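Once you scroll down, you'll see the structures, which are given as structure tokens.
First subunit A sits with subunit B, and in the next complex the same chain sits with subunit C.
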Partner chain A sequence: MVIAIGFEGSANKLGVGIIRDQHILSNVRHTYVTPPGEGFLPRETAQHHRKYVLEVLQEALDDAKISLKDVDVICYTKGPGMGAPLTVTALVARTVAQLYNKPIVAVNHCIGHIEMGRLIAGTENPTVLYVSGGNTQIIAYSQQRYRIFGETIDIAVGNCLDRFARLLKLSNNPSPGYNIEQGEKLVLLPYVVKGMDVSFSGILSHMEEHLSKWLDTKAFTIEDLCFSLQETVFAMLIEVTERAMAHVGSNEVLIVGGVGCNERLQQMMNIMCEERNATLYATDERFCIDNGVMIAVAGLLQYKSKGGTPWTQTTCVQRYRTDDVYVSWRK
Partner chain B sequence: MNDLKVYPYFTNDLFIIIFAIQFTTFKTLTLHRELSVPFPSAREADVVYQVLRVDKEPSRSEVTKNITLNNNILEVSFSGKEARKVRVALTSFFDNLVLVTETIEKFGPPEPTYSHYEANN
Partner chain C sequence: MKDSELIVQGAEARLYKGIYLERTCLMKERFVKNYRHPELDARLTKDRIRAEARAIIRAKSAGIATPALYLVDLERRRIYMEYIENSTVLKNFIDENISGKMDVVHLLDFIGRGLGTVIAKLHSMHIIHGDLTTSNILLKNNSIESLCNNQSGAEAQFVMIDFGLARMDSTLEDKAVDLYVLERSLLNAHCEVPELFSRVFHYYQQHYQNKKQCEEILAKYKQVQARGRKRLMVG
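Coming up: the complex of A and B.
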């Protein structure tokens, strides 16, 4: 039996999770929530993480009923993400590794989502739609790499939804994207799929530009606009996912990342899957949204196949592509 | 007083040091600052040194930071041309230093050695 602890802090979620082999012992998260209309910035987010990281760590240990002595390997998020918040969790991970003389493993955040999703949903080789506030990628595994078949060429889909929600001054609690899931009248919006890639920033600008006109003339309600934005961007994602599945001959889809909690996205994906006789796998908000367990899961796989990360390489990087990682633990 | 218990006072002292440095960095062309941070034991100083030496300064900061270990004293030097950037580097260094010492305080004391530098098992 191997016990792994994972530290996650690449964006506004701070998480520490502990697993014993494939069993989850604890999963504690603390989210930095900004006032309506405001996004989170690196410096303030890092301050939040600094303030809560030791508390969250203690709570995760208490929930798991273990001490750091019992842990076999320390895992942390190396990137991608915001530099300052990443550094906070990396520092704490390195310090506890030193204090208890434990090996440390640097984990790619995206790989964390994928491996956690595969474990929780119980799917062997799915086409993965990774959708969050910072990332939008359509991924499939081939020859020791998670290959990116399609991705956003500008902002992430979650960023597009969050920024639209902030434009309307919707609450950031639990997340702005969640609060736009309510409407029924469809506004015609730009539909931007370029080959296998998608683009969201133009849609957002289009909405910003027409927002006051739509609302002032009472042609559409706020709910209608939210509904229309969701339908449009999700349709784009489903189209590209379906094309990736056809290309690799896959009949499983896994949705991971914070936007993966969205029930409408899951519903639309399910319709596509039914039409193709494929199966949809999704997880709930405990695991979709950034958390420490996903880092422990991916870190433990990495540790079992090729050991820990050499000390001088336990840095953080803001840019770290999913396909940079050599996936030694899969055939 | 037992040396091991001085962390809270030690944390306050850090901020006094920050202010002292801010007032003295404006006049020279190449700014150079040195700090010595004493720890209760050589191993604790070593933990802090090992943890902090990994991260390089961001390239846009144009500040060179050099950390060395002298028994139970952590010695750090900063040099750069712009006072603002040297100050940012110092502030961020102190933020990190405080976080690491708080972690040691809460989850320490450290094991006598660390044996996974090369890792791979």
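Coming up: the complex of A and C.
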């Protein structure tokens, strides 16, 4: 039996999670919420993490009913993410590793989402749609790598939803995209799919350009715009996921990442899957939103297959692609 | 269309083979996708059928090997075209004849030359394919025998299909992205032959008529590629 602890802080969520082999012992998270109309900035986010990290760590240990002495391996997010917040959690992880003389494992955040999704949802070899504030990727495993079949060629889908919500000054709690409500009239928006890649920036600028006209003339309501945005961007995502599945001959899909909690997205994916006799695997917000457990899960797999990360490599990087990681733990 | 039989169910279309005006014909029907809003579905389907028809006509008139267009039926979401007899999807060809095999340099070169030349021609005509993958290219079956003695005709062996995402009035950026999409799809689908894209790109540059424009596409391509590598991925 091996106990692993994971530290995550690459964006505005601070999380610490503890697992014993494949069992989750605790999963604690604290989110930095910004006022309506504002996004989170590196400095303030790092301050938030610094302020709460020890509290979150203690709570995770209490929930798991263990102390740091019982932990066998320390895992933390190496990247990708914002530099300052990443450094905070890495510093804590490194300190704990030194104090208790434990091995440490540097984890790629995206791989964390994937491995956690595979574990929780119980799917062996799915096509993965990874959608969050900073990422939009369609991933499939082959030959020791999670290969990116499709991705956004500009901004991430979550970023697109968040920026749109900010444009309308919707609340950021729990996340701006969450407050996108349902309208009924469909506005035609730019729909940009290139192969298995997607692009969202055109939608945003189109919205910015026409927003006041649409609202002033009462042609569309705010709800209509939210509805149309959601219908359009999700349709793009389902389309490229389906294309990737057809291309690799896969019949399982896993949705991970914060946007993956969206029920309409899951519903659309489910319809697509039913129509091609495939199965959808999704997780709920405890796991699809950034958390510490995902880092522990991926870290432990890595640890069991090739041991800890050499101390000099326990750094942080803002840019760290999913396909950079050599996946030693899979066949 | 007579005697039609379903041959493939693709991601967004069912493909039938049958007889139309005494010719073997392929009918591609873009079925309703229930996951998306009906209005969006109708609009996308129409756009794509139109795009496919236009691109086929334009490519054909530029001397690029594509199936001949027979008929478009927007109402029933169908397009009818020539059925390419005795051909193999390039993806399957590579999987069977190249991946993991020895002595494939000449085969790789043949594919690189064929694809590079065809794509250069398409781009010179300002046609962006929009979904360049080895699933969307057919290779004529007799081409292997003729390949050694007739290098210059390589491109005639490669038939481009699936123009639903094609665009016409193309910018440099569009062309660069088209190449980038191809590069990544080759890397993913054929990771055992990582040198494939560089072969294609080599012949692309060699056969792109307007050298100045080709330089500009190259520069744009590097930008697009760097953007992908450098993208910050927060969250």
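Keep this in mind: the second predicted complex is superposed on the first by the 330 of 331 C-alpha atoms of A that agree within 3 Å, B and C clash if a C-alpha of one lies under 4 Å from a C-alpha of the other, contacts with A are read in each partner's own complex, and residues count from 1 in each chain.
Methods note: a residue touches a chain if its C-beta (ideal position, glycine included) is under 8 Å from a C-beta of that chain, and two chains touch if they have at least 3 such contacts.
Computed from a predicted structure; not experimentally measured.
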Simultaneous placement of subunit C and subunit B on subunit A, clash or fit: fit
Of the partners subunit B and subunit C, which touch A:K306 in the superposed model: first, second, both, neither? first
Go through the superposed model and pick first if A:M196 touches only subunit B, second if only subunit C, both, or neither. second
Subunit A residues touched - subunit C or subunit B, whichever exceeds: C
Considering only touches as defined above, state whether A:L91 meets subunit B (first), subunit C (second), both or neither. first
Where does A:Y52 make contact in the superposed view: on subunit B (first), on subunit C (second), on both, or on neither? neither
Just subunit B (first), just subunit C (second), both, or neither: which does A:Y100 touch? first
To the nearest 10 degrees, what angle do the lines from the C-alpha centre of subunit A to those of subunit B and subunit C enclose? 120
Is A:Y141 touching anything from subunit B or subunit C once the two structures are fitted on A? First, second, both or neither. neither
For A:F287, is the partner it touches subunit B (first), subunit C (second), both, or none of the two (neither)? neither
A:F164 contacts which: subunit B (first), subunit C (second), both, neither? neither
Contacts of A:Y32 with subunit B and subunit C, given as first, second, both or neither: neither
For the superposed arrangement, tell me the lowest C-alpha distance between subunit B and subunit C in Å. 16
Subunit A to subunit B touching residues, read off their complex: 46, 50, 53-54, 57-58, 68, 83, 87-88, 90-92, 94-104, 306-312, 314-316
Subunit C-facing residues of subunit A, complex: 10-12, 80-82, 109-110, 132-135, 140, 142-143, 145, 147-149, 151, 153, 156, 158, 186, 188, 191, 193-197, 231-232, 235, 238-239, 242-243, 245-248, 257-258, 268-269, 271-272, 275, 290, 318-321
State the interface residues of subunit B toward subunit A in the complex, per the touch definition above. 47, 50-52, 54-56, 58, 95-96, 99-100, 102-104, 106-111, 113-121
For subunit C, which residues count as touching subunit A in their complex? 10-12, 33-37, 39-40, 43-44, 130-133, 135, 165, 177-178, 180-182, 184-185, 187-189, 191-192, 224, 227-235
